[in-house]
Amino acid sequence: MIAVLKNGTSEKQIDSLCTWLKTQGLDVHISKGSEHTVIGLIGDTSKIDAELIESLDIVETVKRISEPFKSANRKFHPDDSIINVGNTSVGGDIFAIMAGPCSVESEEQVMEIAKAVKASGATMLRGGAFKPRTSPYDFQGLKACGIEFLLEAKKETGLPIVTEIMNANHLSLFEEVDVIQVGARNMQNFELLKELGRTKKTILLKRGLANTIKEFLMSAEYIMAGGNENIILCERGIRTFETYTRNTLDLSAIPTLRELTHLPIIVDPSHATGVARLVKPMALAAAAAGADGLMIEVHNDPTHALCDGAQSLTPDAFADVTAAVRKVLDAVKGVY
Amino acid sequence: MIAVLKNGTSEKQIDSLCTWLKTQGLDVHISKGSEHTVIGLIGDTSKIDAELIESLDIVETVKRISEPFKSANRKFHPDDSIINVGNTSVGGDIFAIMAGPCSVESEEQVMEIAKAVKASGATMLRGGAFKPRTSPYDFQGLKACGIEFLLEAKKETGLPIVTEIMNANHLSLFEEVDVIQVGARNMQNFELLKELGRTKKTILLKRGLANTIKEFLMSAEYIMAGGNENIILCERGIRTFETYTRNTLDLSAIPTLRELTHLPIIVDPSHATGVARLVKPMALAAAAAGADGLMIEVHNDPTHALCDGAQSLTPDAFADVTAAVRKVLDAVKGVY
Amino acid sequence: MIAVLKNGTSEKQIDSLCTWLKTQGLDVHISKGSEHTVIGLIGDTSKIDAELIESLDIVETVKRISEPFKSANRKFHPDDSIINVGNTSVGGDIFAIMAGPCSVESEEQVMEIAKAVKASGATMLRGGAFKPRTSPYDFQGLKACGIEFLLEAKKETGLPIVTEIMNANHLSLFEEVDVIQVGARNMQNFELLKELGRTKKTILLKRGLANTIKEFLMSAEYIMAGGNENIILCERGIRTFETYTRNTLDLSAIPTLRELTHLPIIVDPSHATGVARLVKPMALAAAAAGADGLMIEVHNDPTHALCDGAQSLTPDAFADVTAAVRKVLDAVKGVY
Amino acid sequence: MIAVLKNGTSEKQIDSLCTWLKTQGLDVHISKGSEHTVIGLIGDTSKIDAELIESLDIVETVKRISEPFKSANRKFHPDDSIINVGNTSVGGDIFAIMAGPCSVESEEQVMEIAKAVKASGATMLRGGAFKPRTSPYDFQGLKACGIEFLLEAKKETGLPIVTEIMNANHLSLFEEVDVIQVGARNMQNFELLKELGRTKKTILLKRGLANTIKEFLMSAEYIMAGGNENIILCERGIRTFETYTRNTLDLSAIPTLRELTHLPIIVDPSHATGVARLVKPMALAAAAAGADGLMIEVHNDPTHALCDGAQSLTPDAFADVTAAVRKVLDAVKGVY
């Protein structure tokens, strides 16, 4: 960490700052320029609060050189993490495909979709039981009942299930859920993250609408700091000025996260674009960019989906996407 | 609500759609253009899910003409809401000034700041007991103990207190808290909003980093739909590409919200800019633009604040700001 | 086009508006809702100024249903445009690869890179002679001399050349240049676009940092309205809050533009990310998403590039990228 | 300037870099941390290309500590610049109010508005003769003829005139124009900026839609580097995700620019919001935040304005705004 001091800082102030920094267990290294003095903080600065130092009267700016995330950091865990989920896994050689309806609507619906997506190569079933909706008047999901239907479909097809949690108090309902999703709007619901860190459940953490990659990793770090290292990251589009797509899918997040962390990274092209006919090209692009998997919305009757229907694929369109994804995966085998 | 149909939609499809819409309790009005047919939905469309209709095969786009928020809507509640808080209020003739430390650090600290800000005209004391921090390794607040210290300061000074909640399970700790703050990162934590809607506590709702004004109002609507209409809105900066300030303060939100809603609107220039010396000009600008109040960070020793020190004012600087704010308020009396 | 009228508009005002619209050659269709009256404008509204109508006292909002771009619109030109450039082309079956240095530095440099990129499958040579730089103190390019060096390299290798124009007064220097690039910062330099519309040169138009896809197409329309239909579109990243990459590459622009326009679309992963090691994954992703080509920065000595060196590939790294791109192109043959 | 070296850089590489830096006229200061070595560059680094250094193999990041702008920098020119324009000025004690129509439509129109705005306290007349429009099919302005009409109005009222240039080749038409405006879309049209730097005309430079404050100052620096120091900066809103207003007015740019530069700063609330009824609150906020002036659109018949009518005020509404602005200016006299 580097602290650039303000012009006109006196020797005495510098001494006093250095003394204090040393009490924090750091070594300091002073470098005087023609306009500014710069102090280098040497040692483990990961638990130092940069804003605290930046707040000092004599400090102009502070710049971190080491990353503030540790457990998620590839530097300290060079090998890719492989997260086992039921009879399959995410990360490593298996390309995960999580598919299913935005909202669970009925047992028949989930069962029909589960069978269809399994036939096309899905490795997990996803479906929303608790639904975060912008309006309190929109459909909020079947809740506990929706989880029941997903578990029925799991029993029938063997597919592990992924579903979103919105409230830590509901955790007991998720006991047989294989992967618990934290949605984009809850990426910085730190209380929820801490609670999930105390479990051993696999967590699928979605990037927030307006969150940087570093913040994304810090949210993973919240869960890991509690002892739970079973985390799958999911890029799902960020908010920009462009209005043609619902969000802007940031595929450069894949290789960037690959560098910074050992955690697996999947992509959700359905929510990122909000448009069914953009799902295929973005799924292929994600596969080509080195993603560990995809999360895709599939509905048996998109014209009647209770939410996000505009971005759902039919089972046939999904089968077409997975076939094309396999071709791209073969093509990029060994290129990274 | 207007639905623009795709080119090539048949008469039969149009009939079938209209029939279905009528079963939802709406009247329809069909208008055929040279390229597109447009269906107008007439009646109470506030509880209709626009995405559901947009997902239909034959529909190109859907446009809401009436706003989807009702309880927060000025159209149905033309007079400004005045929210009573202890011996003061927010909205109407009183200009609210909430001031205090980012983090409660000790009883002495809070007491000293409370007395200082009261002397300079603060109408409420704010202070963080539960702190949302990007990193799990940063200081997370004194929690219950912090609330105790705030209540001591309230007893001593008579100032009502404002403090943030991060978890609905902590509600019992907030019983004597006058205003419960929902932070920007929790603006779309719908479970928390619903829980607060079931209370009668006054809620200070902060705008999310990447949330539109309409989404902001929908989050207020979540609380109001539960029966709690005691809401204060707070603009605190949005995330943009500009890096000089921490966020970009969107002051046009004040007159815009004034038009759309009857709820009072305050501004937090401290978090919006993240820079102490920008607090004064932005506080004056907010007062000039018609805000109902301000939330300002004040610390007795900014160089040692445990968080966000860079944006805190000293008590003297705060007194200077409030004096200038009073002048601006006098100047704009009656101009709107 | 649809105009939503304000509440309380009188019959007489509506009549008067309709009469005026009819004098503009449009038919009108009136639809009265419970809260609002909506007027549909029927006929060729492409040359109607929506803002003019929105400015009327009685109008609340205006919404275009047909797109305001005509020459670039796929609806009126269903087949993909193929732009011939020297002995090659962009669009259709040929995948264009434009490669070369950010800045032309010397004849030797350009010649060496030209031969190297040709050997790895580049179809064109790109290099900057006139350089847009944020600072007036940064290197501004070799200008006319740089173009000479590019032409020498073209003579030697047969590769058509692509280079940026910043001033219409320089057009005479571009006579033998095969493709004239308009940079992101000039995407809405309408005077330059109009001047280029009067030529028959092939124009590579880059998307502006903060421009929507619709604005991008309107800028192409500026050139086409002048009679020049030889346009190649280039997605090169948009500005967002994320700071890890220089810009955020918006790959969903590829299928979106594919739908909206017949013009070919290439992608520049070098400028989009600003990081050499992200070029390969983003190039593969672009190929998988259906791009018609790539523009990639290649330098023989990246550690001494006069500008943008951080994002340049060595010739060897470039060869590795093109080999991988070919595999992905084979994989996606026929999938769209 | 500080360069952080990559892990594993050898002593020999460090020596070689330092030797090279010294040949550039800089002193270097080396600081070795536990993870990274940091080199401080001491001396005049304003003309050093940071990207060049960042491109070196052994360098991880580069951070400027001194600003790269010199002529515009308050550090080297502590007093506020006052720009004289005809019989008035911008900066210092005079609060500039530039008012007039978005587009010049006729001599009568301009004359009528000029008289009206003068009566309400405008210090200059602004009007568009050359109009940048997103669509080639929208009205492009009366051009030379529009300037004639403005000059007639100047002769009649004595108000200096402000009008936009889009092409340096038109400069001869601007000989009698008092202030030449460079629009947001041309803020980084560096060729135009350089050409204007060679004149002695006063330039009103508008901030680009997606440009940072630092880039804004670098564009001013382009003009100043040519010898022309008569520059007025204008904040006019930046592009964000919010769609309620056309842009998001960034009023924190006023105090920020005040710190960084000695150039005067005005605000354009009309273009920033795009909504006439938001002009007044944003004008008052700008005055309260310390702006040196305003640019406001006024039209005698907003319902028939050829462009941007939705954001124009009537002369009466403008008079109401200027009266309120005067009150706020009185209130903030001496507060900064």
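The chains carry the letters A, B, C and D, assigned in the order they are written, with residues numbered from 1 in each.
The rule is simple: a residue touches a chain if its C-beta (ideal position, glycine included) is under 8 Å from a C-beta of that chain, and two chains touch if they have at least 3 such contacts.
Not measured: the values here are computed from a predicted model.
More contacting C-beta pairs link the chains of A-B than the other of the two pairs A-B and A-D. Comparing the centres of all chains, each the average of its CA atoms, the largest separation from chain B belongs to C.
Between chain A and chain D, the centres computed from C-alpha atoms are 39 Å apart. Centre-to-centre, using mean CA coordinates, chain A is 26 Å away from chain B. Residue positions of chain D touching 2 or more other chains: 210, 239-241, 243. Contacts from chain C toward chain B in the complex involve residues 2, 4, 29, 31-36, 38, 40-43, 60, 63, 65-66, 210, 239-241, 243. Every residue of chain A that touches chain C in the complex is listed here, in rising order: 210, 212-214, 238, 240-245, 248-252, 254-256, 259, 272-273, 277-278, 280-282, 284-290, 324, 327-328, 330-332, 335-336. Those residues of chain C lying in contact with chain D across their complex are 46-47, 49, 51-52, 54-57, 68-69, 132-139, 166-169, 185-186, 188-191, 194, 208-210, 215, 218, 221-222, 225, 239, 302-310, 312.
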